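Can you read through this structure? Questions will come right after.
We just call them A, B, C, D, E and F in the order they show up, numbering each chain from 1.
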Amino acid sequence: MDRNGGGGSDPADVQGQAKDAAFRPRFMEVPTFLRLPLAETAAGLDIALSGIPFDLGVTNRPGTRHGPRQVRDLSSLQRTRHPTMNVEPEAQCRLADLGDVKINPFSIEDSVARIQAFYDAVRGHGARPLTVGGDHLTTLPVLRALKPDAPMGLIQFDAHCDTGGPYMGQPLHHGATFKLAVEEGLLDPKRCVQIGIRGSLSEAGQWRFSYDSGMTVVPIEAYFDRGWRDVIQEARAVVGDGPVYVSFDVDGLDPIYTPGTGTPEPGGLPMHEAQRMIRALQGLDVVGADVVEVSPPFDPTGNTAMVAGTILFELLCIMADRLNPAP
Amino acid sequence: MDRNGGGGSDPADVQGQAKDAAFRPRFMEVPTFLRLPLAETAAGLDIALSGIPFDLGVTNRPGTRHGPRQVRDLSSLQRTRHPTMNVEPEAQCRLADLGDVKINPFSIEDSVARIQAFYDAVRGHGARPLTVGGDHLTTLPVLRALKPDAPMGLIQFDAHCDTGGPYMGQPLHHGATFKLAVEEGLLDPKRCVQIGIRGSLSEAGQWRFSYDSGMTVVPIEAYFDRGWRDVIQEARAVVGDGPVYVSFDVDGLDPIYTPGTGTPEPGGLPMHEAQRMIRALQGLDVVGADVVEVSPPFDPTGNTAMVAGTILFELLCIMADRLNPAP
Amino acid sequence: MDRNGGGGSDPADVQGQAKDAAFRPRFMEVPTFLRLPLAETAAGLDIALSGIPFDLGVTNRPGTRHGPRQVRDLSSLQRTRHPTMNVEPEAQCRLADLGDVKINPFSIEDSVARIQAFYDAVRGHGARPLTVGGDHLTTLPVLRALKPDAPMGLIQFDAHCDTGGPYMGQPLHHGATFKLAVEEGLLDPKRCVQIGIRGSLSEAGQWRFSYDSGMTVVPIEAYFDRGWRDVIQEARAVVGDGPVYVSFDVDGLDPIYTPGTGTPEPGGLPMHEAQRMIRALQGLDVVGADVVEVSPPFDPTGNTAMVAGTILFELLCIMADRLNPAP
Amino acid sequence: MDRNGGGGSDPADVQGQAKDAAFRPRFMEVPTFLRLPLAETAAGLDIALSGIPFDLGVTNRPGTRHGPRQVRDLSSLQRTRHPTMNVEPEAQCRLADLGDVKINPFSIEDSVARIQAFYDAVRGHGARPLTVGGDHLTTLPVLRALKPDAPMGLIQFDAHCDTGGPYMGQPLHHGATFKLAVEEGLLDPKRCVQIGIRGSLSEAGQWRFSYDSGMTVVPIEAYFDRGWRDVIQEARAVVGDGPVYVSFDVDGLDPIYTPGTGTPEPGGLPMHEAQRMIRALQGLDVVGADVVEVSPPFDPTGNTAMVAGTILFELLCIMADRLNPAP
Amino acid sequence: MDRNGGGGSDPADVQGQAKDAAFRPRFMEVPTFLRLPLAETAAGLDIALSGIPFDLGVTNRPGTRHGPRQVRDLSSLQRTRHPTMNVEPEAQCRLADLGDVKINPFSIEDSVARIQAFYDAVRGHGARPLTVGGDHLTTLPVLRALKPDAPMGLIQFDAHCDTGGPYMGQPLHHGATFKLAVEEGLLDPKRCVQIGIRGSLSEAGQWRFSYDSGMTVVPIEAYFDRGWRDVIQEARAVVGDGPVYVSFDVDGLDPIYTPGTGTPEPGGLPMHEAQRMIRALQGLDVVGADVVEVSPPFDPTGNTAMVAGTILFELLCIMADRLNPAP
Amino acid sequence: MDRNGGGGSDPADVQGQAKDAAFRPRFMEVPTFLRLPLAETAAGLDIALSGIPFDLGVTNRPGTRHGPRQVRDLSSLQRTRHPTMNVEPEAQCRLADLGDVKINPFSIEDSVARIQAFYDAVRGHGARPLTVGGDHLTTLPVLRALKPDAPMGLIQFDAHCDTGGPYMGQPLHHGATFKLAVEEGLLDPKRCVQIGIRGSLSEAGQWRFSYDSGMTVVPIEAYFDRGWRDVIQEARAVVGDGPVYVSFDVDGLDPIYTPGTGTPEPGGLPMHEAQRMIRALQGLDVVGADVVEVSPPFDPTGNTAMVAGTILFELLCIMADRLNPAP
């Protein structure tokens, strides 16, 4: 199937323009992430995009199971070339949308296993995963599937550290992902940075694990006091040259950008600075990335998904350019 | 690509249930019409579904260019088997979603040509077209592509006859489709029925062509006075046994069902009766059908597209069952 | 100012079509009720349309102060000729939109006085008033301004009788209008009909005045049991040949049609039957009419105002046709 | 705490009107179901209202966990006395809102146990439960808690029979409630009626259990053909004089009334007829009732919850009047 | 009634976790401000929260009568401990939600009297008031009830000075509050600061009183030029050590944060800086505070109320910590 | 017609306050831009406001044809005097709203001709045009009508340079306006500044014309790095003292302010800085200005139009003050 994303042999193309993206109106076609082709497996791909329609890990508002679809729809607004970096992902890498992981809507544990199996296959083909969630628990099985030789680094944009303990006896939930990942040896806390942390707490030690384990936590107040350049420079220093995973929880942004999310926290990151920070990661060995916590039912305007689609493209650009830099 | 619509080899399916629709959550996957497989051409298909993202034919509110995408999304709520008729389209016919016609967003004339070319190809493969619009002008090039040996019959659900003359000098617009189709010999007015007509008029003779040419017009007042059974019985009598096209303009329904449309007219058809009327067409030689005038920007709830997806399934059932009746 | 509603000398009209309503796109221009011309006074008019942006009379949800503006906007969807009656108001009568009554947002009493003064002027010019509210209290000063020689008849479409006593010591509120009008000798209760009454009650005798005074009350249950034809036939019999006022509270309809209102009551009148009932009043001596209780903030879709605009046109048609019947 | 629902000793009441519901604006106060007093236990109550904020049983769209809160808010629009029956629940019975069952957001099984324990306590106090869901699975533990001496009767308003088998291996889900209840001996299928059934099916035998077990199924087509009076008369005949549970799934209504639900099916019950049918149950021994499947995130207008609040009041009236008939 | 807010004795709590806030899902229960317990009077409280559902003081868009309810609902998203200050209000002070003042929906004057009487009672119990409005006029009777020995200081976040004269003859409206409060000797203008002032003016001297009386006015332009730290430092210097009232009008923020308000003015305060400024008031003798002008009908998303709930928690933290500082 | 905008002789004005804008509630009246009087022609005007309800030039989402109406409605929130500059447009200049250009909804070319003819007439009367679009193509015929003696300067706030070539063979579209204007000699590229440019690109050279022709392009990254003061200072230097046109595309702002637009690009200009930049243009010879790309169907809240109304007032202030400076 060609890059036109499944629209068929296009009998209506009477002007020979089928190969020119500029002549394909953005509102048409079955929507895929960033209008990439669909693929059945990751075979032959450099970067594999996929969705995880899952929300059983949430503690409050559900709805992220509907996230991947809407991000596919709104990511059509992205064009093919980065505005400031000399990067054009499709020209530099082999990319496709693999569709969604088939989760089990009645079981956290089974769903986590299914997610890991899906990404095991992706890794088996040698592709790097770029994911649209789903709640933040979905990052855990992706990290597991990456089976790093050594604990990886992490750059996390988020309002919450997500390093809490069990909730009502459940260890697997969207507020515990990164504690579990560290404990499982998937992440090296000394190479983890969490940016944008804020919001009232249920107890004084809610995010103690982040601090105690040696993660670098950048509360939103420090973020604004220091400025984005200083913060992301420190982040690069912390993660160093090794493999790093980038996880973008849309609630890291202020809810004016992404109201469609389960645990919004007013007073968050500005979008234009988030974009600048991602670009500043150019050159890092980003082995995987995700955009999570888009809950469409809480934003009927679709703006949250539009913003998530923009972040998705920014992440894709740094991943693609590292794999095969533009000349 | 199998019926799962592009979701890949599904490495996460650990229970061997991939073939069972019941185990594929409806909120997942790249959305296609009724969760049918995508296909590049109509080769080998009995019925080919496609979208026409077009709104240049409207005289008032635009937005139907965004219709096919949202109907794809919301038609996921349809399951595979009809509730009252012994019909299961996918079991009886070969079906697929061909994607969208690539229209020209700057030209009515070129778009109409592209639509016809697309459907010429569909007909070339021997498939019957089932379309999601797009404004009602899109029906004209589909009828042209059907190239009937003799003028066809028509059953049209609509608030407006759409048999007007040029508007501001433009003969091709969504209020003129069926006048043009009759004049071009595509439709036999004696075998045309228009159901649900209502709404204030710009002039006394606005829909005169329908009456003068011999179409059977059922104004909404007569509809309610007579009841749906009597009306659809007459419709069947009028169209007879020959080939017939069924065109469902969502503004035929009351806007409480389908507010997302360009020219809503309060006081329209009830949804449950529209469903009954379509079912009453079982057995007719429906050579093509469409659902048109879904304009998502005017209904952020998506309910209009959900209703359109339901109508789409009803239409598919009668088309499929005629081609290959269930045992 | 000509019928084009203030659009200026229209230098862009290069085809000489300025007089043809069909060539004036409905989405353009400063919106007036039904795209009628604006006028500064009612001098020379047969029927004067105006708005009363008032909501101080409500007991629950406010917002009807924003009603007239949105009804102006959405009434643009009405064309000039009735679909089933041989009526074209602008061809039969002199009509204009007088703008809004300037109410006092801090005083019920002063606003009621201002409304009456406005309509005194309208009546002074011999024009009949057709009003868009505003809450239902606004009908009272209009009735006062009509200064009938004898108590008038009333046909009221409503979920509530609005014949209650003072509320928190305030006699002037939207639930007391018609009790006050009867007590003031403006209405003859024997010639009053209230159609669509329903909803839970604060006390057993909440609407006792209607019954005790001799009004004909048609609860929604009786309405559905008898059918619209029987009900409106009785209504015509009750009001007889004398002057009658028609008051249409949009909460008489089911809230599926008009969710943007202050006291919605599920289980109400169907829109298409409301239209039929108004048409059945053709020939009555309707000396004034109104559509009230449109509260836009409670319906961001604008559908409530669209429905109200349709009702407004139906009312105008029967008023205009009585004054100067079509040949 | 008095009937004013927690507003305190009301130092602002300077006119001695605290006891008069008419003087308590409906938009104020902490919202409780129907503005009833809060209570900590069901001790001393005839009928206990409560909410079950649960949505883990859904197969598609989540969000019913947010249902009870919004129904509390919008049920403020209900007044105290029934419009057509001589019933005033608070005058006839002791009523209170017990708040919500504390569910476990990570476990279907634990939540079902918690729900049953809550209702065991309610029954222990001799009160009859009236519940706002929550998805339809929540009805199962309520039925269990009722511990009927003999299988009970059921009147169910719904688009789906909810008598399916396990889904992805999970026997406890919102489409299986009534099969399980019959199998557990809680319901007598010969005394069960399901009204409004419709919608496409996943397989021919999806609701076979209903038919095979002897339930009376009234598909929507039969419903419209026969009329509400005939249907509810049959329902009364089927359930007879014994104890009966009434379960109202808001998706039984057409989605124009209740778009905020997880599995909407166009072409459903009209609201005014649903009200008439509930009233026709007056005198039945209704030992418990519920309104379920309100999912606020899918209806930002709140209309779904408003309709549910109206149904809640109708149900309360028949329950209260049976327990202590008005003189 | 315990901290669980009215949910009863919780028979469903089968794990003994009733005292642990972490185990009480935030979407459940009758909503109170910040999930605090309800109380009938302020007896024994340090800080009393209450709502004033009032909007008769507005000059343009109404709807703030619906504010307290929605802020109760959305303030559930707040947890119990401040993210950056060592403050946990419930651990440091006795707090409760007193419900709403029972206003008179037909009279500004009577409502103002009722509000004052309510707060007189609060003060009689020695509690400090923390209020959710209502329009900004509601601050006046609260200030009156505080009956300060000497005129108090004021820190006001707002787009408008609200120091205007009568409007249409009405001295009591939401644009005149602080002029009246100064004239009544309740506030010392030399100790008043108004931050965020902007927006077009009706006349050059619209806010002259602020300047002439000696208030410190910080227009938004100066605010952005100087930065939040400098501005709030000056504010602290201006108000000094004496008693001060903090009034937060949500229109002080940019409408991207709080679109649900009556007189939005684009170009306003950023939320994260507003939070920092409130925190910088730690230690001040804040004798009362409020969050006003939340109008839910103009923001169906609820984001305005979510932001207001966050501000409410920030205000509570500084009030509680001053009364009983954390160790 | 006096300044009250068509409300008639105002018989209800019983207090002689008709001339005082403060006493005219902002929610009333037929809405005109900024509540200015309507006029049929530009005769005698200094500045003529008008709308262009046009969206045929868009490449993606339509809907700007509905822009002028909603901006009229929401611009009612603007008062008469600027908050920081000593400017009161109505006191300094003769102003009116001319209504809308009557476009041809089926033809780009004819519409462009009609727009130019309309503005030719405006210029014929010596008035300066201030326009509300419409998509950005509408600026081209306005520039043509200005018939400058020498190429003009341009200050453009926008996410896109709009200097592209033909799209699908159509040279006239909203992404090509300024290339065409330069090529036609209407603009001097050396005196053109484009501020806020961003967003992914379809090809590397998409906006090459801007750079090659000598326009000053300020990408959003440079904008944030340099600060608004530096940028607008450079802009003034670039345009110099000669005639300049100011074009404000609302997608230049971040979509949090203006989601109702066709090609939103996250990460844009802050509103308060846009206001400061416009004010910094005081004294420039602004011969015309516009606010374009407001698409109401994509923002049901109306906030986009409210922001556009605010920008409209800012633009009017600098235009009016240059023509007749305040004393």
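Just so it is clear, a residue touches a chain if its C-beta (ideal position, glycine included) is under 8 Å from a C-beta of that chain, and two chains touch if they have at least 3 such contacts.
Since we're looking at a predicted model, the values are computed, not measured.
Within the contact network of the assembly, the step distance from subunit A to subunit C comes to 2.
Contact with both subunit D and subunit F is made by A, B, C, E. Set against the C-alpha centre of subunit C, every other chain centre is closer than that of A. Between C-E and A-B, more contacting C-beta pairs join the chains of A-B. Same-residue interface: subunit A and subunit D share over half of the residue numbers found at their contact.
The chain pair from A-D, A-B or B-F that repeats the D-E interface, sharing more than half of its contact pairs by residue number, is A-B. When chain centres are defined as mean Cα coordinates, E lies farthest from subunit B. In the Cα superposition of subunit B onto subunit F, the rotation angle, rounded to steps of 5, is 180 degrees. The distance from the centre of subunit B to the centre of subunit D, with each centre set as the mean of the Cα atoms, comes to 38 Å. Averaged C-alpha coordinates put the centre of subunit B at 54 Å from the centre of subunit E. Within subunit F, the positions touching two or more other chains are listed as 23, 25, 27, 59, 61, 65-66, 105, 167-169, 256, 298, 300-301. All chain pairs that touch, listed by label, are A-B, A-D, A-E, A-F, B-C, B-D, B-F, C-D, C-E, C-F, D-E, E-F.
On the side of subunit A, the complex with subunit F involves touching residues 15, 17, 21-23, 25-27, 77-84, 88, 256-257, 271-272, 275-276, 301, 303, 306-307, 310, 313.
Of all the residues in subunit E, the ones that touch subunit D in their complex are 1, 5-14, 18, 23-25, 27-32, 38-41, 51, 53, 65-66, 68-69, 72-73, 97-103, 105, 113-115, 117-118, 120-122, 300-301. In the complex of the two chains, the subunit B residues touching subunit C come out as 59-61, 167-169, 197-204, 206, 219-221, 224, 254-256, 259, 263-268, 298-300. Residues 55-56, 58-59, 61-63, 65-66, 104-108, 167-170, 173, 295, 297-298, 300 of subunit B are the ones that touch subunit F when the two sit in their complex.
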